[in-house]
Structures are given as C-alpha cells and as structure tokens.
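You will see chain A twice below: alongside chain B first, and alongside chain C after that.
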Partner chain A sequence: MSLELLKAAADSNQWWALAPEVMLACAALALLVLELVLPRAEHHKIPLFAIAAQAIVLVGVFLNFDTNWLGESTFGGLIRHSNWGQIARVFFVLSSLLVCFLATVCLPRTRMPRVEFYHTVLVVTAAMMLLAQSDHFVMFFVALETVTVGLYILVSYFRDNPLTLEAGLKYLVMGALSSAIMLFGIVLLYGAVGRVEGANGAIHTGFEFGTAAAFLQAHPDNFLAVAGALLVLSGVAFKIGAFPFQIWVPDVYQGAPTPVTAFLAVSSKAAGFAVLLLLVRNVFAPLQSVLVPVLSLMAGATILFGNLSALTQRNAKRLMGLSGISHAGYLLLGVIASFTVPWAGGAVWFYLFTYLLATMAVFGVMAYCTGENDADHELDTYDRLSRDRPFLAAVLAIGLGSLAGIPPLAGFLGKLILFIAAFQAHLYTLLAVAIVGVVLSIYYYFGWIKAAFFESWRPAFSTETATAAPRTTPSLFGTLTLALLAVATVVLGFFPGPLTSWLIGK
Partner chain B sequence: MFNNAQLLQVAIATPLVAALIIALGLPKRFSVKLAGAAFIVPALIALWLWKEFPADAGGSYQFMSSRATGLGAFGISLKLGLNGVALPMFVLAAIVGLAAGLYALRSGAERLKTYLMLLLIMQGGLLGVFASIDIFFFYFFHELALIPTFIMVGIWGVRDRNYAAMKMTIYLTVGAMLSLIGLIALYVKSGAETFDLIALRAALAHEPLAATLQNNIFGVLMFGFGILVSLWPLHTWAPLGYGAAPSSAAMLHAGVLKKFGLYGLIQIAVPLLPAGAQHWVWTLALLAALGNVLVVGFITMAQRDLKQMLGYSSVMHMGYCFLGIATLSTVGTGGVVLLMVAHGLSVALLFMLATSIHHRTHTFDLSDMGGLAQRTPVLAAFFVAATFASIGLPGFANFPGELTIFVALWKFSPWVTAVAVSGIVISAIYALRAAAKIFFGSPSEQFQRVAAEHPPQDLDWQERLPALILLATLFFIGCWPRAVSDAVNSALSAPAAAPTAHVTAHR
Partner chain C sequence: MLHAGLEQYVLVSALLFALGFFGVLLRKNTLVIYMCLELMLVASTLALVAFSRFNGTMDGNVFVFFILTIAAAEVAVGLAIIVALFRQRHTVQVEELNHLKN
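Take a look at the complex of A and B:
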C-alpha cells in the first residue's frame, strides 16, 4: 500500500463528521466491556460512566456546533449536515442523559440487569441523531428501524410485569405495522421516481431526498408519489403519536418502565418531529397543496383527541401519554406553518426544548413517587405530596404548569411562539382548536397539581388508615438535576433570549 | 439614588424579589418583616410617582424604560411606563396591595410563609400589569398575578374551595386565552410586528385595520376581557371564587386584578379598534345593563351569605364600568377609570371587613348575625362607611365615578341610563340591609351563643391600619377627584396618534 493511497484515504475520511454518534456507539460497547471487566461490586458505577460519556459528547457537540461540515453531504449522500441536525444532536443527547438519570433512580428497585439498559439507550440515541441528519431514504429507514427495535427492547424491559409485557407486545405490533407502511411508501416513491441520469452521467434514484424532491417538484400530481409520501408520513405520525396513529400511546406509556416512558415521550416524539420537519421542508415541500389539508386535519384531531381523552384519566403515566398526544398536535401546527413561515421550524424546536425540560421534571418527580410496580401510578399517589416532599411538589407544579403553558414558565413562550407562527400562516381554525385544547388541558394538569397540593377532605375519625404513598427521598445528584430542570423552566420563561436566538435566529 | 423610571422598576421588582428570598428558605420571623417591607416600598413609590406625574402629560407615557429579554425578534421587550390611565391603576394596585399585605401579616394563616410568598408574587404581577407598555408583558404579568390566586383559593380557601378553584381556573383561563388570541391578532394584523403599545397605536392610527377584521378582533377581546371582568352571563366564577378565597387574595383579585380586563379595553381594544368598538357597543351595553346591573342586582338582593353578596355586588358594579366604556366618550371612559379605582378600594375594604366580621361571629350567614355594633363600634363604623362608599354616596370616590358615567350614558341612550340608575336603588337596598342585619337590631340566638363563648373584640390597630388606609384614600379621591381625573382626562382626550410616531424606532 503506497503512501499516496493512505493520504487519499485520510483526505476523504468523513468519519470525523459523525464523531458524536460514533462516540456514543463506542461508549455503548464500552459499557458491555466494563461489565465483563469490573468486579460485581463495582457494577453500580457503570451508569455513571454512561452519563459521563454522554455529558462529554454533549459538550463536544456544543463546542463544535458550527462545524465545517455544515451544509455538506457526507457518506455518498447518505447524510447531510445542517443546523437543525446539530440542534437535534444536542436535543437527543440531553434527553438521553436525563433518561439515564431517571434509570439510575428506577432500575435499582428491580432485579433487572442494568447495563444493557444504558447500552440500548445510547445506541437508540445515536440512531436518532443519524435519523435527524439523513438525506437518503435508506439511511432514514435503517436509522428509524434501529430506533424502533431498540425501543421494543426498552419498552418491555421489566419483563416480570404483565403490564409491561402487554405494552411491549402492543408497541411491537403497532411499530412493525407502521414500519411496513413507511417502507411501502418509500418503495412507491422510489418506483415513481425511477432512475434519473445526473449531469455528469451519475445515476440517481428516488431514495435520495434531493432527487425525490426534484421529481415531486416536476410532477406534483403523480399519484404514486403522492401516495408514497402520505404513507411515509403515516409512519412518522406513528412515532409522534398523532391521530389516527395514536392508539398505542396510553397502554404503552403506562406499561413501559418510567424512564422508557420519558424516552418515548421526549426523544421518540422529537425524533418524529425532526424527521417530519426534514421531510416537509425538503422532500415533500412541493406537495404543499396536498399535505397542508391532511396535516391540518391530523393536527386538529390530535389536539382534540389528546385533550379529551386525558380529561378523565386518573393514571399519571397514561395522562402523560394522552397529554403528550395533544402536544404533538400543537407541534403539528408549527410544522404546517413552516410551509409558509420559514422560522416556524425553529418555533417547533423551541417548543420541543421547553417540552423536554418540563416533561423530564415531571417524570423525575414520578420516578421518586413510584413503588414496586411502576405501571400502577394513580394520581392519588400524590395526595399530600406538598407536605411530605415540598421540593418534589414544587418541581412537579413547575413542570406541569409549563406543560399547560402558563406564564411565566417556558412552556407558555413555546406555545405563544408557535401560535404566532400559526397566525402568520393564517391557520385560524386550527388556532381556535388549539385554544380549546389548551383550556381543556388546564383541567387535567391542574387536577394533578390539585392532587399534590390541595388536601382532600378526610373525616376526622376515619377508621381506614391512609396507606402511605411510596416516596423516595432524592439523592443530592437527583435534587440538583430536578432543581436545574425547574430553574431552567422558570428562567427561560422570563428570559428566553439565548434559546430563541439560537433556534429561531430571527 | 434612583430616577423615577428606575423607581418604577424597583416598585415591581421589590415584591417579586422578596417572594424569591422567602421561597429560598428565609426563617419565618424575617419573612414576615421582609414581606411587610416589600408591601410598603411599592406603595411609597406609587405615591411619589403620583406626585411626580406631570399634569400636562397628555397621552404620553412617563417614567419610561425598556429592557430586552431576548424576544426582540418578536417585537417584545420589557417596556415599562405610566400614562394618565395607567397611573391611577398603578396607585390603586400599590395601595390595595399594601392593605391586603398588612392584613395578611396578622392573619395567622397556616403556612404563613407560603401565603405571603404567593401574595407577594401577586402584588408584583399586579404592579407590572399596569406599568407595562408592551402588551405581551401586560398579559404576562396578569397571568403571573392570576396563578397565585388559584393556588391561594385551593389551599387556604373555605368551603367548596376545590370546586371554586377549579371553576375559577377554567373560566379565567378561557378569558385569558381569548384575550391572548386577540392580542396576537393585533400583533400580526397591524403589520407593525411589535407588541409595543405605543408603536401599535401609531401603526394603526396611520393605517387602520379593515372593518370586518376590527369587528372580529374586538369581539374576541371583548369577550376575553369580559370573562376576566365577569361580564354577564360569564360571571358565575366570581361570587363563587370570592366566596371561597382567603381575604387577602379576594381583596387583591376583586379590587385590582379584575380591573385588568377593563383596563385592557380602555387602553388597547377601544383606541386601537375604533370601528370594532362601534360595532359592539350595543351588545356590550345591553349585556351590562340588563345582565350585570339588573339581573345580577336582583340576585345580589337574594343573597344570604355576606361574602357571596359582596362577590355578586362586585359583578354588578362591573356593569357600570362596561356601560361607561360602551359610551366610547372621554367623559364616560374617564368615569370608568375613576370608578375602577373607587370600586377597587371599597370592595377590598368590604372583603377585609367581612373576614373581620367572620372572626367575631363565626359565620357569613346574614340571618345568623345581628347587634354586632354594640360590641364592636369601630368595626361597625368602618363597615357602614365602606357600604356608603360602595353604593355611591357623595364624599367617597365612587360617587364622582358613577356620576360621570351616568352623564356620559345619558348622551348614549337615556333608556340604558334609566336601567343603570335603577341599579343604584338595588345596590342601596342590599347593602344597607346587610349592614343593618349585621350590626343593628337584636342579636340572633346563634350570635349570642358565639359571643358568650368568644367575646368579640373590636378591631385592633393591626386591622384598623389597612382599613384606614383604604378608607382615607376613598375619602381623599371622593373629595378631590381631580387628583385622579386630571391625568386621566389629559390622557384620554389626547389625539389617538401621538405626533412622535415610534413605528420605525422600535422595530
């Protein structure tokens, strides 16, 4: 092998562009090795390694945010590096960091193996990061399947709990169905586009986002292609839990272990929206006239379904799932607006970040308020929380308030900015639906806060002794994390400057 | 040390910072002192700014300051200042806040620290609402003040508190959401791309919106703000909520926060959407005259529970405010501002005294009371004075307010005026009857029993002081209404577009 060859190989080396993903995958493998190498007594340190590795990746992505690869396409057009891709990287690593933190709280309560959990979370996160940067349907599908398969494992992780197994099965069946639908859509698009000869004799296919977009631009009425696009979007709708693909949400959210529920609620939903924005702003942009009505119907129905079904819900995890559906609806508003209002995509990301902070705060509190069986998590568990654990109650109130969109919390600004975008895009009917949704959501979010704060009336000489609700005192690390989430939610509500200028850059 | 614009900021920041310090775990002894100071400082600053406010301000804002919060891209910045309409409301918020705060300090409520903290947040929000020139922050501060109300009703409320808190939350959220949509609509449709009220006014005066659009936006704002002010038939949260709320929260909400909607109509909706206002005035006038004044007036007469009665009577008085706004005249609107201040002071006083009465009779039921005046003459004197103020007897601030509204209303429609004036009779009936029932006549059996167990003490100085503050202000404005009306008048009669158009400067 000559020196020139090595030099050429070094020059064309693009792996550095994927350093965060590669590092996460290596860390995932290193976890398994550590389990083999370390004595059993030291195993409890492995999660800390996972958290540290992710923190390093997070810092790395931050430092290299304006990397030279921005705008470039690497790996033969499989990946395209963009600003949103970078934002997505930050989001997913941050989210999985917090999921790992939740796991350190929840996993020790069970006798399940621990290391594999963190391993899978890291791999799934790396796949989500790739997904958000893909520029090719093959890359897209492979990344998406990696995510989905990883989540099949995670959802049914507490395999001795029947509810968890049920959740796992439901997620598997529905997930497989949606993957099949999406794959069918991709194939239809591929078939419709066919082989396109490029400028210098290169052959392009409908797998490439650019080629597919050019084809759709030229033939926006091609039935096969439109059908393919709709099927692909159906697959994505499953990920974000949008109507009519939301039916799996409550059962799976309830049955899945709490950290996994948080992972589904935040990362998986955000991955869906990252992909949706990618597709809508890129490949499917020419199909605006078809997609806007379809997505609008979907958004309206999603908002109403999520809020109405959450109204009477007494199980906290199902409530998070159903209200999460409504959040998907609000976010869809932003996606639709992004057809006409260019900065609306940034508004979606801003909303997702505020949603991440608030949701993780709520799940953090939930993790400390569960007993043996964490699928059995009724709102009554929160009775007198504000007396027993004032700190947890305060964090819970801030998280739920932000989700409900109450000023001065960050969630309010997220909604406000989305609504302004929707207004500029003239989505008046949808806005009216969204307002109804917000008002409905106040009912159930406040119902939860009420359960934690307002003491329910008890007869003075009641014979039944109130069973003590399961509560764990947070460790110092846990307290700090929760406090950080709550403080960030409040501070961003007052001073959103850094995040808005970063995401929306308007 | 500070200039006036900075003083305005200090006034808003003091309660919020004090709340933060208390939340961080200040011991109870210091918390009480700090809270007291944090209620006094804004009140002093408000009085100082009142004195400093130039008589010839016209429609312009004084004591202005502006701060970026990172939403400059959306035309949002923390812009503070007071104009002639905002000034009286700001002073009202500071004084009622002081009285409510002083009353709360001695209330001995369970978990007093949290209670004071929430009250301080509410106070900060209230001061912020009326000092905001940016309508985003106008809304933001309103919600900041509203959330503690819900929590206070839920935790420290009396019977039905859970139901009342939930009902209030839902009604007021609907109202707030509608107003928010209306405000966003103004922001988007005006083309000014800014939430700055001065710039919005200039932009819309230069190029008014189409008539249909004005009608729609005004309608949304009218009902949104209307729910917040308890416009009939969307008022049912008010008596229930006030009936359940702890006294200081009821004082601040009924006295000050509720005026947010009226203030929004006067400062934002009517001047920015004149054609829309024209379109809706009759709806507003009829709802207010027949609904708020007549129907609710009769309902108030039927009340047997003191706090419920006060809640309904405050809904009724809001009817006069709506009527004054519906005249769309300088005189009528000026009367509304005066009445808002007067009503805020008098209703706060009444809610406070109602709680003091409850401490002595252990009931809110009017039929279980009687003869309290013999035991507590000072309390009786205060309550009767507050009752006189609230039914609009000359000498108190309510009188000039109602009078100017009626004068303006006569030009608008004599028939509506006739209905409105008959409301005065209704309110005289129920208010005087309640005062007579509580304080005079022979003591009921129930009261005699309670009095035997807990001999009622007259108001002590810690209760007299807040009552005195409120009553003195009522009396001062009643005797010299120009202290308020000059500024209001010069602000309202200023031409819609100030010559100093800020459209481009604030982009």
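Take a look at the complex of A and C:
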C-alpha cells in the first residue's frame, strides 16, 4: 500500500461526522463517573442527566439534519452518510429517550442498580445509529453485535427474577445463533467476491457494500454469493422477528423488564428494518428475482402467524410481542415494494414513526399498571382502569387504536401509505393477506380496550376477592410525556404532511 | 507432502458450522448449546482465514480479531446469565426452563 493511500485513509477519519454517536458514548461513560463522584443521596438525578443528554443529541441531529456529509463516505469506507441514516439517528434517539423515561418509572420498584441500565441503553442506541449508516460488513457486524450483546444484558437485567433470566437465556441462544448464521453469510460473500483491483492500485474486497453489489450484479447466479446473501438476510429476519424466525419473540417479550420490552419492540425492530432496507436497496438489489419471492412468502406467513397467535392471548406483554410480529409483516410489505417503488422506503420509516408513538404510549400505560413482577401481566390487570385512572385508559385506547389502524389515528395513515406503496408495486395477493391481518388485529386490540373500559362480569357469590391491581399515579413529567405521545398520535393522523414530506419527499 | 486447497478448508468449516447448528437445535444442556454456538463462530473464522489466504487480501485476517473480541464479550455476558439462572433454578437443562408459557 502506497503512502498516498495511507494518507487518504487517515484523512477520511472525520470524527465530527459521528458527533451524535460520540456524544452518546461520552454521556454513557459520564453516567458511570457521576455514580462514583456524587453522594448517594444525589443518585436519583443521574437518570435525568441521561435524559437531558439524549434530548441535546436529538436537538443537535435535528438542527444539523442536512449536513455537508450527506452522500459522503468516511472512515475509509466504513460509514456512508445518507438521509436515511439521519432519519434513523432521530428515530433511535427519540426511542431511547422514551425507554429511559419508562425506566425511571419501573426501575425504582426493584432493588437493581440503576445507572448501568441507562449506560447500556445509551451504548446500544449509539451502536444502532452506526449500524444504520454502515457501508462495510465489518462495521455492520461489529455494530450489530454491540447492539445484541447490550440487549442480552438489558433483557436479563432483573437478575433476581427467574422469569427474566429465562427470557435472557432464550434471547441469548437465539441472538447468538442468528449472529453466527449472519457471520457465515458475510464470510461466504467475502470468499465469493475475492480480490478486486480498483483505481490507483487500491484493493477492494467483498466486505465493502459497493464491491459486493457490483459482484452480484455481474454474477447473479454465483452459488456461494447467493447462499451468503440468504444467510445474512435470515440473520436479519431473526432480529425483526419474521416468520419462521419468530419463536423467541413471545417468551422474551414476556420475561424482559417492561422498558426493555419497549426497547426491543421499537428500537431493535427498527434497527432490523433499517438494516434490511440498507441491504436490499444497496448490496442485494441485483438478487431481486430470488429475494422477492422469498421475502413475499416470509411477509405473508409473518402477518398470518402474528395475528392468529395473538387472537387468544391474555398476557399483555406476549400480546404486544405477537402483534409486533404482524407489524413486522406489514413492514416487510413495504420493503418488498421498495424494489420497484422507490418511495416505499420512506413509507416504511413513516410506519415506524407512528408505531413508535403508539407503542411507547401503550408501554407507558403498562409501566404504570404493573407491580414488581412485571412478567405476570394479564389483561385482567386493566379491569376498571377507566374508572380508577381515566387518563391512563384514554392514552391506552389511543395507542391501541393507532396500532390497530383505526382512522383518524396516525397508525391508520401509516398502514394506508404502506398499502398504497404495495398496491403500486402490484403486490395484490400480499395486500389481501395484510388486510385480513388488519381485520383480525382489531379483534384482539379491542379485547384489551374492552378490558380497560367495561367491567368484566364476576359471579356475585365468588369467594375470590378482586385483588386491587397495582397502579401508580403518573408524576407530572410522566403525565406530560404520555399526553404528548397521545396528542402526537392524534395530530399526526390529521396532519401527516410535514412528516411524510420529510420522510418520503427526500 | 499433501496440500489442502480452498475447497477442503471451506468444506471443513461448513461441516463444523453444521455440527454447531444442529448441536444448538438438538442438545438439551445449556452449556453444551453455548459451546455449539462458539463452534459456529470458529467455523466462520476458519473459512474467513482460508478465503483471506487464497484471495490474497488481508481484510479477512483483520476481521478475525474483531470476531474474537465479539465472541469474548458474548461469552462473558452469556456465562453470567447462565450462572445467575443456575443460582435461581438449580438446573441448566432446557426442558426444565419452560416457565414462560401462556
């Protein structure tokens, strides 16, 4: 390698381009230092520091949305900055901000250390932001593993609860299995592409997204490369919980602490879709003729499986997990459509934003309605919620209504835009399956709303005393956050213009 | 002297990978499952080094160090979870770890 190449490589390390990720990582370290430095009586302020730091990063990313780096690649081709990368940054910081808010509600009920939770959430969020902008398989794999290992810790965080640990073990085995499958796929791609001589004596390998895409364009029926691509995509399918890789979802969602369940449902799923869009639009675009049938089968089976298995579910967290599988199915529809309809990627992001608002509202209510053992969270917990806590019941109804896709809430528009994209891409069979799925989902979401709003019948002679469900009154901050989420869900349903033009117009 | 070609290396690593994969699916002891997961990572590493040698690029060899680091982190967290679970349940057999059910 010549001296000019080394100099060019050094010049491409533009740390300012990664300011949000660096700031999050520094904030995560500062949290640990604060715990050492501050006296014990002041420790309750540390979560506020984490939330404030993320709010600053969020505002910073928003103000610098159109940076000079857009379209550039930095760090020797490891990172490529794009509009979708910026959107992903906004999404992940917003989501982890809300997860930290849920943690301030749930963590004080247990005897677990608190600061490490926020630390891990910040590190995982920074890794997700890097993952969504990666342009190189080494970067991709390392960022993905940082996310996965961080999530192992978070899922099994309540280590004195055997159910949480069991969920942690299941997530560990399934996560490690999917990572190993994905790694083998990357290795096969690297082996198939081999050594590519570029301009000025630079040597390229299959690790670079661009080189791998060029190779697949030239040899679309190379067995090793196609097998590698399919293995990588099955690893991603594990992360988003798509059929037939969804077996871990209900158990892990049930056992994990409620804030972590929200983190898995929103951030982890969105990271999976960010990666899927990145791969399908860049690297694996030449394999369209293989991928469209595979992904279509997967999407249809995912939608049907998620909705059918959620129908009889009485545990609220399992219900969120199973219905989350069906949401992954609808989103896959958008990913398939993005092969032929370019704006479908924006539709996927719009759906993810509406899903973020609604899911976080529902999990916020769930956080206020659980006791210490939050794995045992039946729908009966919500009995007479509308009489005891009318505000929480209203937020729950708006959140669930939006997830079910009831007009005029934001979730309806998210589904509508996604389905229009699928219609333009001529995916009529899948569209029919998705509409059947939506109709089924109304049944179980409204079963939950019914539990919260209408008294369930109890025999008068029942000896069973109705145990008062553990419910806490939200603090002022909590009330404001939940109200903001609910209002945003309603307002976005009426005025989607700014967000859609931001996501789809670009 | 016998020389092994690229095909032999890839074949061995694919066999090791399949061995690990079916071990994860079929074995009942959590620790053995965990060893099988590590076997899958090592199989990928072997293929990576072979490809790197035969393609004449160093990138694969460098990636091996990243994989080793990641595998170490994964083992550290994973064994911690298994030990914590053993303290609560006094078993590491998967068929007895089924309390999360409807």
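As a convention for this text, the second predicted complex is superposed on the first by the 485 of 506 C-alpha atoms of A that agree within 3 Å, B and C clash if a C-alpha of one lies under 4 Å from a C-alpha of the other, contacts with A are read in each partner's own complex, and residues count from 1 in each chain.
Assume contacts are C-beta pairs under 8 Å (C-beta built on N, C-alpha and C of every residue); 3 or more make two chains touch, one makes a residue touch a chain.
Bear in mind that the values here come from a model prediction, so they are computed numbers and not experimental data.
> Based on the superposition on chain A, does the combination of chain B and chain C result in a clash or a fit?
They fit: once the shared chain is superposed, the two partners occupy separate space.
> Once the structures are superposed on A, label A:Glu166 by its partner contacts, choosing first (chain B), second (chain C), both or neither.
second
> For A:Leu308 in the superposed arrangement: first (chain B), second (chain C), both or neither?
Touch partners of A:Leu308: none, neither chain B nor chain C.
> Should A:Val491 be classified as contacting the first partner (chain B), the second (chain C), both, or neither?
Once the two structures are laid over each other on A, A:Val491 reaches no partner at all.
> Looking at the overlay, what does A:Val439 touch: chain B (first), chain C (second), both, or neither?
The answer is first: A:Val439 touches chain B but not chain C.
> What is the contact status of A:Gly401 with respect to chain B (first) and chain C (second): first, second, both, or neither?
Only chain B is touched by A:Gly401; chain C is not.
> Taking the superposition as given, does A:Ala483 touch the first partner, chain B, the second, chain C, both, or neither?
The answer is neither, since A:Ala483 touches no partner chain.
> Kindly classify A:Phe207 by the partners it touches after superposition: chain B alone (first), chain C alone (second), both, or neither?
A:Phe207 contacts chain C only, not chain B.
> At the Cα centre of chain A, what angle separates the centres of chain B and chain C, to the nearest 10 degrees?
About 140 degrees, rounded to the nearest 10.
> Name the chain, either chain B or chain C, that contacts more residues of chain A.
C
> To be precise, I mean the smallest distance between any C-alpha of chain B and any C-alpha of chain C in the superposed model; what is it in Å?
Between chain B and chain C, the shortest C-alpha distance works out to 23 Å.
> State which residues of chain A lie in both footprints, the one left by chain B and the one left by chain C.
Touching chain B and chain C on chain A: no residues.
> Please name which positions on chain A make contact with chain B in the complex.
Within the complex, chain A touches chain B at residues 401, 406-408, 412-413, 416-417, 419-420, 423-424, 431, 435, 438-439, 442-443, 446-447, 450, 453-454, 456, 494-501, 504, 506.
> Under the touch definition given earlier, write down the residues of chain A that touch chain C in their complex.
Touch list, chain A to chain C: 138, 141-142, 145, 149, 152-153, 156, 159-160, 162-163, 165-170, 172-173, 176-177, 179-181, 183-184, 187-188, 190-191, 194-195, 203, 205, 207, 251, 254-255, 313-315, 318, 375.
> What part of chain C is in contact with chain A in the complex they form?
10, 17, 20-21, 24, 30, 33-34, 37, 40-41, 43-44, 47-48, 50-51, 55-57, 59-60, 62-63, 66-67, 70, 73-74, 77-78, 81-82, 84-85, 88-89, 97, 99-100, 102
> Which residues of chain B touch chain A in the complex?
Counting only chain B, the residues touching chain A are 68-71, 73-74, 136, 139-140, 143-144, 147, 150-151, 154-155, 161-162, 165-166, 169-170, 173-174, 177-178, 180-181, 184-185, 187-188.
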